[in-house]
């Protein structure tokens, strides 16, 4: 249905934008192993995005590329968390931590969706998100327990992305309707579990759970962010210079 | 004396030399230089294509490109590991690259300016690399040969992907076709130069061949590459920018024109389009990551000296 | 005692207090807080519009925008200088902003998301600022009043430029008109809130008015602003997003609806869309520039202690 | 003539791209005074660009905006020096130093151009470039003579831009033809004067004149650089989303 497609789009946009952000790390990571690890995660996320966008597009006769390259800033539904700049490695890890803990919880429930395609995508993604979670958590522990410098930077990373955590739990349309039909997972229903698990790992790392209650404007509209336009300008530039071309 | 004879015998019988075997200092030095140079080339080689990850024109291409650049990091890892078996640490090799003391393949001082360049790098640069590397799978030093087996498998995959990008472009719109032709025009000469200077100006090759590291001379490999790409270019419908290129019935090979060796040596000496940028990019990544590496080391040290209790917690 | 009487007399006669005059500690403190807050707002205020300099859709607009953002830096300078005459150094004020101890106008925690936002910031945000600032030109503290005269001249220029951007958009394509309306929808409420909480919730205003710093209450200024923008919005052909907005014949003013003060206080407390980003941007600039400031100071010190010869050389 | 227009375009592109790069510093400079100074220089350069592009466009019935926003990467003629990334303040100052010393020498001769429009633009620009030169030179002396850190960074800044100095002196078409007609200044004729003055100020600063002989590909084609595409993607994105619109 159109609503299911809009839901898939929302899920896909998150993965696509985060893959786009992470891809920048390849050749710039602190260690060769991390070029590979971050590249792997970016690839996984891009894979999830492609499943979701392809599924969304099937309702509208559009391809994944139509949706990725020819929608405007206003039409994307990505959350602000994934749109945040990479910053230093600590901030990137903080962003990964929040997003992977959230998607892990989400996909764990989405595998029981009444929509079998969404369930299948979630099932496939879940195995990979397992690794993403672990990667972020291990780095959180290392940086939180490493040097004074790493502790400071990791804490600052958490502070910078934490305001955008709440948006992940906002029950924006069409999710509530679809949740009633047991197609979607109601975002607000994930909140307690995700926050509990995040708090626990952050405390284990010796860092502090940020106090921020969430930045105003948690509606995935992009109206309250300055990042999306820059991301799309770069991502879409070539495709838009050659409309209709095959690559 | 005994070591030398054993080594000599291994070489004569074309068998593998392993890290624990005795080997001449120069053999070791030559290998460390060659393997680390190759590793560095993979690392720096991530940059030209990497600069297109964010702008790849379809999600499928973006995915393939990301995987490819990531493979290059993987190749770097294998190769550094192979070199480490010769007693040089990865950090030492990093340091040589960082300070500009070590070389890497000069081709990566050229830019990947358009999307078609990503295709040309795959087809021509990876193609030349494979031509070079397939014989290296039989290199006398075991870890190197085995690393090359893994590398070659993936490289031939990359070459095919590059060719496909160009094929799609050359069968696309006029603008795409032009983009493909321009890329081939730019990369043809530098790709042929990847095999190194002509044989009569390549003094070290003899010793490498005697040691069964190198199996064929620069010019032989270059000819093999030219013979391979000419029909591939025809299949692409693109022109190789060499008016002297034509089939020589007598030799059973394609003749090709003189290459611009002044340009080549100038790029090697540091005057390529992007020498400084490539090294600065690498250095910035190392510098920006220093605090992370320090933190990881400090954390590991704390874990190691901590009580069994915290070892349990982190398990 | 004498000082107090002189001060009191200056205030009663509505004359200027100058830096060398005696003044009550609280007067000084209030002014430093208010002036530095205003300076910080100019500094942080560079960010929302600054993020459009690189993407401005015509060279003329790019030029005007660059000049405007640069003016804001200039306003910051005047204002810091005025505050410095009260005995607080610029570095101290920087430090207060850096650590998040000092406030700046909450409106700048909202993004300039589209090009039309640049227009809305000019028309509504600068418009509200001027309404606030024109009476401040008569503030009892001399350096502040004089700084505000310069600021106001430029601000009214900025407001007109913002209005022109919106006028062009609202008379352009459908997409442009929509962009303009969206921007006004987003900025109308926050702009009205720039005057601060309603009078009955604004305890400090009384003292500021008694000292001739503030001349009109928050609600009076807010009303003045509403009365100004309603006809301007009509001229733009855009709708102000307030269903309760209508002319009140009896009062001789426009009535307007309740504002979302929960949102306002939430943004003030740090939960605006971009609070963290704005401060992080500022901090990054300070941190990245630290080595430059240190070098400039070291160089100046060396010059000062050097022989006349080098003083000549550098002259 | 068409040739004069192409020459004006080349001169204008340099100024436009450098203004674009410098504009990024506003709100990010080491000191408030530098936000203003770099902003001023960017504004001046943008002004010069607009004169040159307007003049170029007059030969082809195009506006400055047609030329700035609707030419492709292949059609720009900017030199690689101005396309270099800002890097840290030291690198930006190094880029400013080279470009302002070059344009100062250039405009000093261009004021005698047989083309009165070019002469007038050069005359106006020259006064401003005077200040740009002085700004860069003063910072070179300060950073070269400041701390060990500033010395290291300023030297690295010079090393990073120096390879792109030679391109400024390349006699690319249509300049040689126009130089014969005394319309253009032959780039190669500026070389000695610019190098001498640069070497002298660098030596005064206590830094070393870089050894680089110039990066291969000095033809202003953009073929040998990876920067131009990113610059234009951002600069042109909005204008291209609304072709034909007025702003």
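General observations
Read from first to last, the chains carry the letters A, B, C and D; within each, the first residue is number 1.
Definition applied: contacts are C-beta pairs under 8 Å (C-beta built on N, C-alpha and C of every residue); 3 or more make two chains touch, one makes a residue touch a chain.
These numbers come from a predicted model, not from an experiment.
Each step here moves to a touching chain, and the least such steps from chain B to chain C number 2. The interface with the greater number of C-beta contacts, when A-B is set against A-C, is A-B. Taking the mean of the C-alpha atoms as each chain's centre, chain B and chain D sit 36 Å apart.
Separating the centre of chain A from that of chain D, both taken as means of CA atoms, is a distance of 40 Å.
Multi-chain contact residues of chain A (touching two or more other chains): 229, 233-234, 237.
Shown for chain C are the residues that touch two or more other chains, namely 55. Interface note: chains touch in the pairs A-B, A-C, A-D, B-D, C-D.
Across the interface of their complex, chain A is touched by residues 43, 46-47, 50, 53-63, 66-67, 69-70, 73-74, 76-77, 80, 115, 165, 168-169, 172-173, 175-176, 281, 284-285, 288-299, 302, 313-314 of chain B. By the touch criterion given at the top, residues 16, 20, 23-24, 26-36, 39-40, 42-43, 46-47, 49-50, 53, 64-65, 68-69, 88-90, 141-143, 145-147, 149-150, 153, 204, 234-235, 237-239, 242, 244-247 of chain A touch chain B in their complex.
Those residues of chain D that touch chain A in the shared complex are 72, 229-230, 233-234, 237, 240-241.
Across the complex, chain D meets chain B through its residues 159-160, 163, 212-217, 222-226, 229, 233.
By the touch criterion given at the top, residues 48, 51, 55, 110-114, 182, 186, 263, 266-267, 270-277, 280 of chain C touch chain A in their complex.
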